[in-house]
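A short write-up of the structure that comes next.
Letters A, B, C and D mark the chains as written, and numbering starts fresh at 1 in each.
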Amino acid sequence: MTSETKLTVRYQETDQMGIVHHSVYPIWFECGRTDLIKHAGLAYSHLENLGIGLPLIGMECKFLYPAHYEDEILVKSGVINLTPVRITFCYEIFKKGYTKAIVSGQTEHVWANDKLKPVNMKKYRPDIYKLMETYFVEDVNHEEK
Amino acid sequence: MTSETKLTVRYQETDQMGIVHHSVYPIWFECGRTDLIKHAGLAYSHLENLGIGLPLIGMECKFLYPAHYEDEILVKSGVINLTPVRITFCYEIFKKGYTKAIVSGQTEHVWANDKLKPVNMKKYRPDIYKLMETYFVEDVNHEEK
Amino acid sequence: MTSETKLTVRYQETDQMGIVHHSVYPIWFECGRTDLIKHAGLAYSHLENLGIGLPLIGMECKFLYPAHYEDEILVKSGVINLTPVRITFCYEIFKKGYTKAIVSGQTEHVWANDKLKPVNMKKYRPDIYKLMETYFVEDVNHEEK
Amino acid sequence: MTSETKLTVRYQETDQMGIVHHSVYPIWFECGRTDLIKHAGLAYSHLENLGIGLPLIGMECKFLYPAHYEDEILVKSGVINLTPVRITFCYEIFKKGYTKAIVSGQTEHVWANDKLKPVNMKKYRPDIYKLMETYFVEDVNHEEK
């Protein structure tokens, strides 16, 4: 299962090359991640209230095609790796009307408490851990086929 | 007395018009404000540790000339209004080699505690209040003459 | 007539005070402006293709209440002043479920060609000028009553 | 040879976790890349005037330690891979007074003309190609020893 997020490119997100600046995609990934967590019946702000954080430890992006001002964007988000101490989300970004992703990426996080110390999520909150499993995808691309 | 901050325009700060996006100037104002406070022997992070915040309640900008990627920028910051409960900073932004400001602005803040509740700064921390007075300028422009 | 834009607060838009950073509101204003122009049957990117730009010359914001991560936001945009050479948009930003605006503001623009030189819009494109008149509001607040 | 860039963490760059938001590091990488190119006697804006662009096709970041508001930051930039059609820059980000990088990363770019079409840089501008070779490092870390 993947979660879907719709966005419209903001003027501020463009740069003088006339395309969306690459630093914007990690922000869109985060919008996708927020929606996945909300879609799971949680809410990221609720997670933070529970004293659970998801600090990033790694990020990868591949930029295949540019996006432009006012383009309608779809972010598909899933979980590509899940262990008691870590979770890796994967993302694919599409322009409306195109079937190929324009950008794909992953973000790797540790399950942490509010002091940013790692916690074993499977023991700490097995319910949340189980929920995240339902978003597990082998590969976002494969699911599309 | 004014405080001076040097910056170089970042590529990410440009937009598809080929100029610095207007939402960047409030960030540069904030850099100037941070430096003014540091210049006064405080540090904004120190203020926050003391439980003092400066939430914004108003902002004004005038955009006269554009700035471009790699331009060297000078932010001049001062205090234009100071009361026990409020402080207004003023800013002028210059491009290296030019005598006219390209952007000018003001930000109005309330002295607040860490719950964002207003405090009377003259009573709460008269030392900090006094320090801020030394940055009082009638008008940044006039000082230039 | 006002145009309405819905947004959800992004994590990246928060700062260490735990609220939306003030430099984000000009970006939301721009989203509102983009939608107003699209709502009028134009599109800002189309305007730029016509060689028409709307560079900012002034901006004002009043910050009344903070917004937080995941808040659902409504931006109401209108035109508060229109002359052959200038246009001033006004904005009110609401949190879902609240009737009072949390932030209000204005942005003043010049009608310009693609070299950022001013043009008389009433002569240059009377059709677009007329369209903008339909979004004229005395005051966004008054319209609410 | 590496190029060095000094930055100070801006308030706007923090998020509600109280640390620099991860989307800021790609922007600091870009500041480092800009300075490397300038350090080489070119200037990125000059490259763009020559009709040469460096669109990103890939990015990787590892986040080891957080950075905080007002931290003094050092970005070390080098070239880790160079072919006639592609260039990969590598970056290490340090906090003042620490010897371990807090964030490291790479960005992969294609040499492109102003229509974003790939060019063979070794043929097109052998002088620029040669210059970039001087920043070639096996690994930024190793150079430190």
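We adopt the following convention: contacts are C-beta pairs under 8 Å (C-beta built on N, C-alpha and C of every residue); 3 or more make two chains touch, one makes a residue touch a chain.
The structure displayed is predicted, hence computed values, not measured ones.
**Student:** Along the graph of touching chains, what's the shortest path length in steps from chain B to chain C?
**Tutor:** 1
**Student:** Measuring between Cα centroids, which chain is at the maximum distance from chain B?
**Tutor:** The chain lying farthest from chain B is A.
**Student:** Please work out which of A-C and A-D is bridged by more C-beta pairs in contact, and write that pair.
**Tutor:** Per the contact counts, A-D leads.
**Student:** Go ahead and note the Å separation of the Cα centroids belonging to chain A and chain C.
**Tutor:** Their C-alpha centroids are separated by 29 Å.
**Student:** What's the distance between the Cα centroids of chain C and chain D, rounded to whole Å?
**Tutor:** 35
**Student:** Please report how many Å separate the Cα centroid of chain A from that of chain D, as a whole number.
**Tutor:** Chain centres of chain A and chain D, defined by C-alpha means, are spaced 24 Å apart.
**Student:** Going by the contact rule already set, what residues in chain A reach two or more other chains?
**Tutor:** Expected reply: 11-12, 16-17, 19, 23, 27, 30, 69.
**Student:** Give the list of chain A residues in touch with chain B in this complex.
**Tutor:** For chain A paired with chain B, touching residues are 11-12, 14-19, 21, 23, 69.
**Student:** Residue numbers of chain C touching chain A in their complex, please.
**Tutor:** Residue positions touching the partner: 8, 10-12, 27, 30-31, 34, 38, 43-45, 68-70.
**Student:** Given the complex with chain B, which residues does chain C contribute to the contact?
**Tutor:** 16-17, 19, 22-24, 26-27, 30, 48, 53, 55-64, 66, 116
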